[in-house]
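Handing you this structure, nothing more for now.
Should a chain be cited, it is by its letter among A, B and C, assigned in written order, with residues numbered from 1 in that chain.
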Amino acid sequence: MLLSSIASILECDFAGVDREITGMNTLKDATKDEVTFVANPKYIKEIKDTQAGAIIISSKHLSEVPDGCLALVVENSYWSMAILSKEFAPSIEDEDSVLAIIGEGTKISDKAEIAKGAVIGKNCTILAHVYVGSNSTIGDNTILYPSVTVYRDCVIGNDCIIHANSVIGSDGFGFASNALGEHKKIYQNGNVVLEDDVEMGSNSSIDRAVFGTTLIKKGVRLDNLIQIGHNCELGEYSVVAGQVGIAGSAKLGRSSIIGAQSGIAGHLEIAPFNTFAARTGVTKSIKESGKTFAGFPFTDHRSWLKIQGKIAKLIK
Amino acid sequence: MLLSSIASILECDFAGVDREITGMNTLKDATKDEVTFVANPKYIKEIKDTQAGAIIISSKHLSEVPDGCLALVVENSYWSMAILSKEFAPSIEDEDSVLAIIGEGTKISDKAEIAKGAVIGKNCTILAHVYVGSNSTIGDNTILYPSVTVYRDCVIGNDCIIHANSVIGSDGFGFASNALGEHKKIYQNGNVVLEDDVEMGSNSSIDRAVFGTTLIKKGVRLDNLIQIGHNCELGEYSVVAGQVGIAGSAKLGRSSIIGAQSGIAGHLEIAPFNTFAARTGVTKSIKESGKTFAGFPFTDHRSWLKIQGKIAKLIK
Amino acid sequence: MLLSSIASILECDFAGVDREITGMNTLKDATKDEVTFVANPKYIKEIKDTQAGAIIISSKHLSEVPDGCLALVVENSYWSMAILSKEFAPSIEDEDSVLAIIGEGTKISDKAEIAKGAVIGKNCTILAHVYVGSNSTIGDNTILYPSVTVYRDCVIGNDCIIHANSVIGSDGFGFASNALGEHKKIYQNGNVVLEDDVEMGSNSSIDRAVFGTTLIKKGVRLDNLIQIGHNCELGEYSVVAGQVGIAGSAKLGRSSIIGAQSGIAGHLEIAPFNTFAARTGVTKSIKESGKTFAGFPFTDHRSWLKIQGKIAKLIK
C-alpha cells in the first residue's frame, strides 16, 4: 500500500516522497518498508531508534521522530492504528492459494476442512470437524482431535496432540477506544507457532499475535480450558494446568509449572524453572529461578502459608 | 395449550372457564394469555399485580391471587413449573420452517449447517462446522468462525465477529429440585440477542434466557472462555476479559470493564462506567459510577491495595 | 503382549516364565494378567497386596514384591510406565469395528460423525458436527447438541443432554518427567461414564480415566466451561456451577453443590450433601456432611464471613 494511500485512509497530511509500505509493526521490529505507531507513553523513548519507514504519531511527539521515518500526524494514534490494521489484514481464507498438500500416511476425515494453501505433514491423524486455515502448516505425526480449529497462517510442529474443540490462532483481544467509549478492532495479523511435542487439552484457546508470533515452545503440556493471550511465549517443557489464564505478551521461561486456575498478568517476564501453586495470581515479573509461589497478590509459597495461618487466627 | 390440559399435566384441580394459554412467563411480564408461577418468597408481593391468565401456586399464597387470574394449586410450585416448561419448549429444530434465506454476497461453507427458518444477512462469512439454529437471524457483514454454534431463535446483529468454538444460546442452568435432591429441568424458552458490532472470543458461552432475552448490547467486546448466564444484560461498549463468569440475570451498565477471571454474582445491577480489576468477585449491586473495584469480597480498588498491604505485614 | 516383549520395550532384564499381559492397571486393581507399577512412595505399602502379574519398579523396592508377581526393574518407574502405556493404547478410531448401530426414532444429522462400533439408543437427537467415537454407547432419548465430541469407548446414559461444543473423554493430564524436565505422555486408556439423566452445559470438558473410569452419576447437573479431571467421581444429583475445576481422582459424594469458579484439588474425598460457595478452593478431604464451605484456603462458611469482616477492619 502506498504511503499516500495510508495518509488518505487516516485523513492526515502527507508531504513526503511516496513509496510502498508492506505492513505494520512495533517500534522495535518495524523495517523501513513498514509503518509503526506510538500510543503508550512508555514507548516514546523508543521512537528515536525505530527503523520504520513511517510512524503514526500525535503532533506532540513529532520532535522524537528520527530522520528517514515519515510522520503521519493524527489526533488519536491508537485509534488510527486500529483503522489501518484492517487494511493490512489478510482475507479470512486465501482463495488464491493452491490446494492443500497432504503428507504420506496422513489420514484426514472427509468431514474435516483443510483450507487452500495448508501443508500437512506425514502420518498425521485429522479427525472430523477439524478446520485448518489457509497457509497453516502441520508437522509429522500430529493428531488433531474433532472440532479443533486452527486459523490461517499458524504453524504446528511434529508429534503434537491437540484435543477436541481447542482453538489455535483466534484473534487476540485488541481494540482502541475513543472518548465515547466506542471500540475499534485492532486486526491481529500475526500468528501462533507450536513447536514439536506440544500437547494441548480440550476447549483451550491460544490467540494469534497482533504482530509477530504467539510462541509455545518444544515439549509444553497444556491442560483443558486454558486461555493464552496474544504474543505470549511459553518456554520449553512448561506445564500449564486446567483453567489457567495467561494475558497478552507474558513471557514464561523454560519449565514453568503453573497450577490450576492461576492467572498471569500481561507483559510480565517470568524466569525459567519456577513453580506456581494452584490459583496463584502473578502480577509482577520474576527474575529469580527455582522458587515456588502462591496467592493473590502472589508471594513465595512459605510466606503465603504463614499469612493464611495468621488470617485463620484472626477469628480466634 | 388449554388451561384444563395444563391442570391435568400438573395433576391439580381445575374449576374455571377453560381457555387457550400460549406460554409461560414471569409474574411481571406474563400477559392474560400466559401462565406464571411463584416459588421464591421474595416475589410474593408481586402476585397481586400480575396480569397473568393463570398462576402455579401453593395453597398458602392463594389469598394473594388477583381477580381474573386462575390459580393452579400445587404442592411444589417450582417443580410444577419445571414440568410445564417442557410442554412449552419448541422442538430442537423447526422442521416446518422454510429453507434458510441467505443474503447477497454471503459466503457459507458447505460444511456449515444452517437450519430451516434461519435468515442470514448480506456479506457475511460463515466458515466450516458452524451451526445456525432454526429461526435465528444474523445481520450483515457478520463473521462466524469455525465450529461456532448458534442455537435456535437467537439474533446476531450487523458487523459482529464470533470466534471459533463459541456458543450462543445454550440452555441456562435452570432446574427445580425436590426433597430427595432430584432435579427437574426448567426448559429455557427464551433467546440471546447480540446487537451490532459485538466481538466474541473463542470458546465462550452465552446462555439463552429462561423467559425473554439474554442481551448483549452494541459494541461489546468479549474475550475467550467467558460464561454469561441466562437473562444477563451487558451494556453498550462493555469489555469483558478472558475467563470471566457472569451469573444469571446480572445487569451491567454501559462501558463496564471487567478484568480477567472476575466473577459477577446473579441478579445484581451494576451501574454504568465502572471498572473491575482482574479476579474481582462482585457480590452486591453497585449504584455509583466511575469507580474501580477489586478483590473478593470486593471493595474499591484503593482499599483492596491497603488491605493487601496490611495482610502482608501480618507476618513481619 | 508378552512379558518378554514388555521387558524388551523397557530395556530391562527378564528372567521369569514368559506369558501374555493384557493391560496395565493400578497396584490395587491390576489382575494377574496385567502389569502394574509403583512410582509415588506413598503407595509402596500397597505393593505387597497387589494381584498384578508383573510390576514396573525400581531396584530399591524389590524386596516388597510379593510371590507370583514378576518384577520389571527400571531406573525411573514412572517414565517406564509412560513408555509402556503407549503400547496398550487403542487406535484413535477402531477401523475393525462394525458400522454403528442406531436405535429406532433417533435422528442424526448427516453432518455428524458416528465412528465404527458406536451404539446409539432410541429417540436420540444428534445434531450437526457431533463426533461419537468408536465403541462409545449412548442411551435412549439423549440429546447431543452441535459440535459435541465424545471420544472412543465412553458411555452416556439415557435422558442425557450435552450442550454444544462440550467434550467427553479427552485425555487426562498425565505424563512422566525426567531430570531434564522433558515429559513423556501417559496414555489415558480408561473412559468416561455418564449415568442417566445427566445434563452438561456448553464448552465443558470431562477427561477420560488413565485406568478405569471417570464417573458422573445419575441426575448430575453441570454448567458451562467446567473442567473435570481424569478418574473423578461425582455423586448422584450433584450440581456444579460454571467454570468450576475438579482435579484428577477427586471423589464427591451425592448431592454435592459446587458454586461457580470453585476448584477441588486432586485425590480428595468429599462426603455427600455438602455445599461450597462460589470460588471455594477445596484443598482437603471432608468427612462430615450437610455443611457449607467457602474461601481459599477453605473453611466453613460462617468462619469465612467472620474472617472477611476482620480483614475489612484491618484498614479502619
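The rule is short, and it goes like this: a residue touches a chain if its C-beta (ideal position, glycine included) is under 8 Å from a C-beta of that chain, and two chains touch if they have at least 3 such contacts.
None of these values were measured; they are calculated from a predicted model.
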- For chain A and chain C, what is the smallest step count along a path of chains that touch one another? 1
- In terms of residue numbering, is the interface formed by chain B and chain C classified as same (over half shared) or different (under half shared)? different
- Item | Separation of mean Cα positions, chain C and chain B [Å, integer] | 31
- Could you list which residues of chain A touch at least two other chains? 111, 129, 147, 165, 203, 225, 243, 261, 311
- Task: Show which residues of chain C lie in contact with chain A when the two form their complex.
- Result: 92-93, 111, 113, 129, 131, 147, 149, 151, 165-167, 170-171, 173, 175, 177, 180-183, 185, 203-205, 207, 225, 227, 229, 243, 245, 247, 261, 263, 265, 281, 296-297, 299, 303, 306-307, 310-311
- Which of the residues in chain C come into contact with chain B in the complex? 109, 111, 125, 127-129, 143, 145-147, 161, 163-165, 199, 201-203, 219, 221, 223-225, 236-237, 239, 241-243, 254-255, 260-261, 278-279, 308, 311-312, 314-315
